[in-house]
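Per-chain numbering from 1; labels A, B, C, D, E and F assigned in written order.
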């Protein structure tokens, strides 16, 4: 059961890609190869609608080039920029790290919370849950007052404060599951789980599990509906790989 | 990564247990052992609120006896009788076959439908989706007009009609994913997938994938909230194993 | 207008049955006979999903034996275990004490709250309101921090604290109606009503009123839909009365 | 247990008042006196927002004069014009005939429908259910294509068509309870109940039951929240009784 | 582009009409004439359901007389009494000052709050947002603890406290837009905007903009649906102008 | 009252820009200058999530260059790609043509429908309404079975069919307002309005009205919340203007 899973970081910071890939490889099952990728353009990390909109395009551009040969892809920024477009684009399973964490939270409790690094992220993460139709059980999104000065060192700088935020989510909001949201803190949930009296989840590890499961389940790609590959269309100004996808002749129907 | 997964059939028909176990073993990953179990009391199959309420108790009774030694449990009747109680009862992951199919549908499309054998099942399945907080994207539940005369032969008797119902769900309700609901038809989705232009799911295989993923993810059991093990309480008229659980001294707090 | 109303306590504690029957008889109209019944198996009181699932079966077993000859039945544990199944089972009106209180709250205000004895009850009661489709106006569920040491003495031990909780529900949550939830405190609402500046309700008295009204209204039993009596089905391990109901020959269609 | 219940018709047609009073007296319990009243100004019957807005004022004017001495009041136009204001105005229970039917439908099934005489009524009735927070289980509102030529003869002219509409609500919309909406057809539900395979309700009889139950339950009037009597305020152009209420000195707080 | 816009105050206090007209004229575009009107009957100001129900009738009576010759009408009490009836009644655009503020808030942010003078207003304003289907993004309604002693001097008496309430709405409820609700404080938002770190809106100015835009857009009046002019109907006790509208012969279909 | 309004077409087809600009200029008020712009990269028109994600980036890139000097901007593709990011980016009002049509529909009726050129557009438009929190009153989205062969000639090729779709939306779905969705058909609503018995709207004209109104209202830009300008952040691969915005030093806080 060999599986190649593309882990695509939608921001341009390779240190964050590296952090996530390490966690992904730690949890991946036997036979799984994690293939790293980083967006060609965009911002250092992604925190608001402007940066997410830029990243949405970057995700598609990267997938057009790098998804061929992979069995599944992970859009690895919590907030899932470009995810629904990516699912529409590719015939392999594509999952987001927020999506995977939300779905896992649904099976582990009735009320979940998210903790994250900044207030702008909090807004974006909530909207992400709404977009997935999975905000009905989201009881709280808690952000740190003081964000990390160096996003690539977020785990070390903010780990203790994030644990406190998790405990508050349990005590004050009645959260039964807590998600630690954000690619830069991938792996933190695993190392602090024993300090938090409810299940605490990490988007990257949930996404690896979900992607592996979908590869093995092997659902057929949609030929109908809004996730079937759309018809070709003339374009302008796209990279060759993305243009080839948009203008291709092999589109169904 | 050896995993023992209890597959518990909440009705009393062992032929249905057998059908589900076969499908479960077909899709299980390397290292997974499927441990079959069947309810001690209840009905031939489960179709309405009365039968589901009886099954809810039977599920708990069976889990109290048979879950020890397992790494996860599957409540294997679509409709998930007793599932939330079972999650509360056990510290290992417990998943339902309806729940697993719903969560998988959420990642594969925006609108899903269920097809099933009888109108009463249709009501129960819809209420099940609502209980999970996952009915927001359920666009249709389609039942056969003529149920099978022999539930243990449902796949042979009704397979073609169920495929037609799937096609109608796509054409008329705009379903982007279809779930074939019902333990007795476990495996049918796999064999007819090529006839249906969208992903078609089977509760048993989705549940095996989800249970395996959760075993590997190993979230810590809840010590707080409504899925933490409750305090002990005096009881009357329960089987020894269930009584031992209810009256135990080791309950937290 | 003679009416026999079965008041069924889904837990196994006869002292609680007695408390509820006394309140029911106090408020019952002329011509109403309250017929007490207590579950044969289950727990001392019912506080969580495990206990409610056991009680759901116990309710059906008791109704199969004791409902014949009655004009209506009350499932008398706040949280309404087994209620929807009981409505499906019987052709006489069946009401729950939570349901009756919720419906009464809807006619008396726009925002209601529930106060109750323990945090686990709070979760169950909220889910009960959701199951009834009546949580849209539920603004708060408040539980005591310290539950009573003896549930059969709950009124005496916790009465003052429950009144304080009611006042908080009004002051902090803007409740316009307060429900005192829980069979063991039946009657408390009546005795403390003058201390609380909004209507305060008791499930038992609301249920007696609702059951009497339905007996007099005499709606015809459903022959269609999910509350029509379901078709017979083979069973195993049920008590004679419940088995007779499940396997009967007279079921419609 | 003597109870005086004011039955107030918000339109100006006394023949409709008479029809409703007859039905109310038929179902009223021993000890209940039905006191009839008809709006002083307004329209022949009430069918749209304009007419309902006029009726809202007429209801308050009539209640200010005629409610004193009564134990409860029924606002007897399906659509409940002025009902929430009336609840705020009076310290006795006030119920609407639509409200009473909706609450009864909630206890008898999971999906209810309304049938009514005209398409404009259908819109108003749906908005009424939404205002009560009770539209979540409303699956259909069916209007006749051809309204009656004489509203006071609506039962005779349209009875058969309304029965057909009820059957369609069951067959096509899956209604488990049907409400026959509209004061002019009060009593029709009772006479055709045997033709419809699910419970069929009539607003007037449900309202009498509900009002009687509330009189006997005797909840204390609200001193807080939006149903407490508001503070006095200067006015202009109101009738003496309504002005006395609006400008009174005895208002709380 | 000459436009005559009727600004109708649904309460009976001409000083409040004057305040609103001044603000309306300040913001109106070139070519717009603001035509003032005040209700003939009702209360000094409008704060609860009773007063709003009376005002609903007064609005229709006033429009029947004074709307002819105007190009649009503004119902100028926050809470929009009688607004939906007025839209149904007239073929010119009719907008409410609450409605206009809510719609403007939707385009300026994702979460809005309302600040207002009294707790009763807070309830009414929230229900108003619900009636418009625009409460989904309403995160808070904040009322002053101490209402103004003289409503016609509300801006001077309570201006500072209302600004504080706005700041709290931003800080504690995360409001991204704040609406200052209430006709008597028309214009306050404009003068304090620089003190509040998010857009702050005033119903009157939003309504003038919306009404002007609709006049220029000139949508055709509805001939179908619930906003088409209803059929004529006999009436009793109405003023000549309103009776002429209700009983007219020119109603469609 | 001179106003410069940027009308930005998010697809790359200048003929569509031209169609929309003509309609915009036809409806613009005195003093309004419409400034046309077209995306630098992307697809011929925008129909699905992939194309919308690309357009989201293109919109931001174009605004970064061309918005300076304008008083408001219109994102002129129905579906509003990149709109929320654009609102976050700029301190001038930014409106979408779908958003403007939805808000206008809310004030003109209770149930609205959208008609559009293709089934993929129908999905995207519905999701757009959900993103705006304005889908609660959307009763139908109707797409043509046969899309136009030449999108720039869509009005001529599909005009009659779109009118028929509007009539169906009224007759079968009870729509009280119909929106003709899609930039390429800008102006069609105006020319066919007399054929449709309810108000029919066009995104471009609604957006011009809304933008003009917001310019005149002049709300202050947000300094707090998720529409305040975000902090600067390092970037890679962006155009100079967009990079200057992302990395700027003048960002608040």
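Convention: contacts are C-beta pairs under 8 Å (C-beta built on N, C-alpha and C of every residue); 3 or more make two chains touch, one makes a residue touch a chain.
None of the values given here were measured: they were computed from a predicted structure.
Looking at the partners of chain B and chain F together, the chains they share are A.
Think of each touching pair as a link: the shortest run of links from chain A to chain F has 1 of them. Each step here moves to a touching chain, and the least such steps from chain C to chain E number 2. Across the assembly, the mean Cα position most removed from that of chain E is the one of B. Relative to chain D, the chain whose mean Cα position lies farthest away is A. Rounded to a whole number, the gap between the C-alpha centres of chain C and chain F is 53 angstrom. Separating the centre of chain B from that of chain D, both taken as means of CA atoms, is a distance of 45 Å.
Chain B and chain C have centres, each the mean of its CA atoms, that are 29 Å apart.
Under the contact definition stated at the top, the residues of chain A that touch 2 or more other chains are 110, 123, 226.
Arrangement of the chains shown, judged by which pairs touch: one closed cycle in which each chain has exactly two touching partners.
Of all residues in chain C, only 1, 27, 29-30, 93, 95, 99, 103-104, 106-111, 132-134, 136-137, 170, 174-177, 193-194, 196-201, 205-206, 209-210, 212-214, 216-217, 219-228 touch chain D in the complex they form. Residues of chain C that touch chain B in their complex: 12, 40-45, 47-54, 56-60, 82, 84-85, 88-89, 120, 123-124, 131, 225-226, 230, 233-238, 242, 245-246.
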